[in-house]
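Pasting the structures here.
Shared between the two complexes below is chain A, which pairs with chain B and chain C, respectively.
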Partner chain A sequence: MKTVRCSILGFGAVGQGVAEVLLMKKEYMKSIGLEILVVAVVDSKGAAVNPDGVDLADCLSRKRTKGTVGVEKLTAVEVIKSVDHELVIETTPTNIVTGGAGLQNMLAAFETGKDVITSNKGPLTLKYKELMEAAKNSGSKFRFEATVGGSMPVINLANEVLAGNRIKSIKGILNGTCNYILTRMLEERASYKDILAEAKELGIAESDPAYDVDGIDTACKLVILANAIFGLNVTYRDVEVTGITKITPDALEMAYERGHVIKLIGEVSRERIHVAPRLVPINHPLDVRGTLNVASIDTELAGEITVTGKGAGPIETASAILSDLVAIYANQ
Partner chain B sequence: MKTVRCSILGFGAVGQGVAEVLLMKKEYMKSIGLEILVVAVVDSKGAAVNPDGVDLADCLSRKRTKGTVGVEKLTAVEVIKSVDHELVIETTPTNIVTGGAGLQNMLAAFETGKDVITSNKGPLTLKYKELMEAAKNSGSKFRFEATVGGSMPVINLANEVLAGNRIKSIKGILNGTCNYILTRMLEERASYKDILAEAKELGIAESDPAYDVDGIDTACKLVILANAIFGLNVTYRDVEVTGITKITPDALEMAYERGHVIKLIGEVSRERIHVAPRLVPINHPLDVRGTLNVASIDTELAGEITVTGKGAGPIETASAILSDLVAIYANQ
Partner chain C sequence: MRVSMDIELKDVPGQMLLALQPLPEFKANLITVLHHHQKRTPRKTVPVQLVLEVKPETIGAIKAKLEESGIRVVRVGEQRFRESINVILIGHVVHSGIQDTIDEIDKTGFAEVVELSLSMPGINLLSSALIRIDAEGKEDLQKALDILKTVSAKKDLLMVLPIDIHA
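Presenting the complex of A and B:
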């Protein structure tokens, strides 16, 4: 049995999802020779630390009742520097302007020789090359499948399962909120405004939806794919972006009558990275509905390989983190 | 640079595809630190052997002009036992009654400590457990992504990219010939017999199509998924199988008017393994057309993840073999 000591930094929806998944999968992890010992959980207000393992069920209930997991006034960086562990699971909120706490956490983790698994797009969108170099210099593992498409595999699919295959382009629907809004506008012949209100009510759109509906979230995911799969060194500024706020029910209906749906498509190749509403033939592999995500990977040897799955959700995103964890530590 | 010496056993469409892909990807392989030296190519009539590397372009042209690559009267097993190499690429034809040459080749490869990558379903369908044990005893690597879905990843996707996720079931379309016939019967309102004739003419169906249209090929693929992903120990006899030969254009049309297509669906779970024509709602992720394959993986944590791709073709199948090769030897 190998024991992996880890911290969970950020204890919002995804961080809590990770805690739940680790509780659920404890026996399974033992069956593949791994014991995952969470030695610290940190949110913006404080930390719970125990070198012998914090009680995750306690952390979840404390977060729900008190709004914080914190019993000690320690920041994430202080925990990284002072608590012995091998793995940082970084799930703080995405900040694409400064990189936020996530960037500091990842750099501190690499400085102290720790591996990092993250769902946080911000640091990868801004400082991909620096992070990869920091990880390399310290011999740290760094995995981030959860940053793109939630549980829908893209990065590890392209880089590992399709290894040896030159990827020509990847295009798809990488934002479930936009896909939900466009799907429902067509179904209900309703305005963008009305469906956005519905999506907010259902928790599918944020109270400030700009990050999703303006295409920024999709653009950030393309930046990560561009860097991680195509070996580029680009940032958000290299992406041409148009969102969905100008799309009318009339446009959707007219397209449908001509055999098409309108989807917010992100596409990345070595030549161009762009996000825009585009026509997709009905029943085309990219014509997926509701909050689903889809990515079509155009390969040199195998043609197009298309993958569809749930792009968001705490447990779904945590499952991508778990797969990264198993990939690093099982059979090591 | 690490040199991997390998043999290609079986030099039909897939074996030739492997040779072509190795020629195409020579520079790429070097860029990831691998030199793949093919020291023997064997078909049913003879062998070409050179410890310093055979000329693959020569082999391909000799096969096309003379019908055999053979310049020496050596069998595959003799090559395995007498020629130094690390990897056997086994692409002889599938035989699900005896396991055919493939079974003997794989066992001989493991006995002599060689790794095996294969596209050959027969041995895996009949003797999965024995093969896994033989590989384990000799410390050999054994990979077979190409046996299911050609270039469409399923086995490595479920076992590696989705690691940690308990797979509840896999269902999909795993035979492109059947999918082509059913798609075309609906499009043309034509009989099974007429479209089968068309498919034979296009090289999509074999002259004896029973293996495909009776559902046997799909059943064999399910057996491999059952053993490799669900950890079962089953053979072809454990699968309930119905093929597509009784389906009429009327049935397809009636289903379509009610919003459905009829597809030959294979499904595997821990409880049941079966192949049968089933109704699929139009625009459902399993509603893929033509010769495409699709697999929907139902996971405990991430819901359904669906992958679509080309299920056959020599280069496509060879690309799955190449990915297995990179997975074994790169970064080792």
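Presenting the complex of A and C:
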């Protein structure tokens, strides 16, 4: 049995999802020879630390009743530097301007020779090359399947499952909020404004939706794909971006009458990275509805391979984190 | 209007010249000539396809003139565009002059706006238009889209293109 000691940095929706999945999968992990020992859980207010493993069920209930897991006034970076462990699961909020706490956490993790699994796009869109170099220099593993498409495998699919295939392009819907809004606008013949309000009410859109509806989130995911799959070295500024705020119900209806839906499509190839609303034929593989995500990978040998799945949700995102975890440690 | 004309030439020198001679007289503009050198019809003639820009009322006369000089005219038909796409424009489509936009494309001769649906929900609200553009070939279509792209940028219109088009 191999014991992997890890920390969970950020204990919001995804961090808690990871804790739940680790509880659920304890036996399974044992069956593949792994014991995952969470030695620290950190949120913005403090940390719970135990070198023998914190009680995850207890952390979850404390977070839900008290609003924090913190029993000690320790920051994430302090935990990384002072608590002995080999894996950092980084799930703090995305910040695409400075990289936020996530960037500091990842750099500190690599500095101290730890592996990192993250769902946090911010640091990867800003400092991909630096992070990869830092990981390489310390011999750390660095995986981030959860940053693109939530539960849906894209990065590992292209790089590992399809290994050997040259990837020509990837096109898809990488933001569930936009897909929900466009789907509902067509269904209800309702305005962008009305459906946005509905999406906020349901918790599908943030109170400040700009990051999603202006196409920024999609662009960030394309940047990660461009760097991780196409071997480019690009940042957000290299993406041409148009969002969905101008789409009208009339436009959706006219398109529909001629056999098309309008989707916010992200597209990446070696030549171009591009986000814009596009006309997609009804029943085309990219015509998925609601909050679903989808990606079509155009490969040299295998043609087009399309995956679709839930782009967000705590358990769904934790599923991608779990797959990264198994990929790193199961065969070591 | 643009027509394609399938003709058959005798397999002797000077026939092509003979075929083209009547065109200036009727102010017909030759767009393309497809000359199937290798092919022969059962009548041992050489099939040729002309694409012409002509006034519709002159077609009959051109045909008669060709037949007078012993050239067989097999078929005359309106030139079919081979490529067609739908594009959506959103913004102040009408106020920014949709007609100009259409004219810009029609003016090219190789592409044409063949359908326009327009919805204007009210003043201050964005209007939406769906236009269908037909073009002779893929490159022509791309050129027409480039024109549309320039116009849209100038007029602050959002252009929604089909997924399989290089946007």
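The working rule: the second predicted complex is superposed on the first by the 332 of 332 C-alpha atoms of A that agree within 3 Å, B and C clash if a C-alpha of one lies under 4 Å from a C-alpha of the other, contacts with A are read in each partner's own complex, and residues count from 1 in each chain.
In this section, a residue touches a chain if its C-beta (ideal position, glycine included) is under 8 Å from a C-beta of that chain, and two chains touch if they have at least 3 such contacts.
As the structure is a computational prediction, the values presented were derived from the model and not from experiment.
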### Message
If we overlay the two complexes on their shared chain A, which of chain B and chain C does A:246 touch? Say first, second, both or neither.
### Response
second
### Query
If you stack the two complexes on chain A, which partner ends up touching A:210: first (chain B), second (chain C), both, or neither?
neither
### Query
Regarding the shared-chain residue A:23, is it in contact with chain B (first), chain C (second), both, or neither?
neither
### Task
Could you tell me if A:197 is touching chain B, chain C, both of them or neither one (first, second, both, neither)?
neither
### Task
Check the contacts made with chain A and report whether chain B or chain C touches more of its residues.
B
### Message
Contacts for A:280 in the overlay, against chain B (first) and chain C (second): which applies, first, second, both or neither?
### Response
second
#### Entry: Touched partner set for A:307, first chain B, second chain C, both or neither
first
#### Entry: Contacts of A:165 with chain B and chain C, given as first, second, both or neither
first
### Message
Quick check on the output: what are the common chain A residues between the chain B footprint and the chain C footprint?
### Response
none
### Query
Which residues, counting only chain C, touch chain A once they are in their complex?
86-88, 90-91, 117, 119, 121, 125-128, 130, 158, 160-163, 167
### Message
Taking the touch rule as given, give the residues of chain B at its contact with chain A in the complex, in rising order.
### Response
21, 24-25, 28-29, 145, 150-153, 156-157, 160-166, 282-283, 285, 287-289, 299, 301-310, 315-316, 318-320, 322-323, 325-327, 330
### Message
Using the touch definition from the top, list the residues of chain A that touch chain C in their complex.
### Response
171, 242, 246-248, 250-251, 254-255, 258, 260, 262-263, 265, 267, 274, 276-281, 284, 286
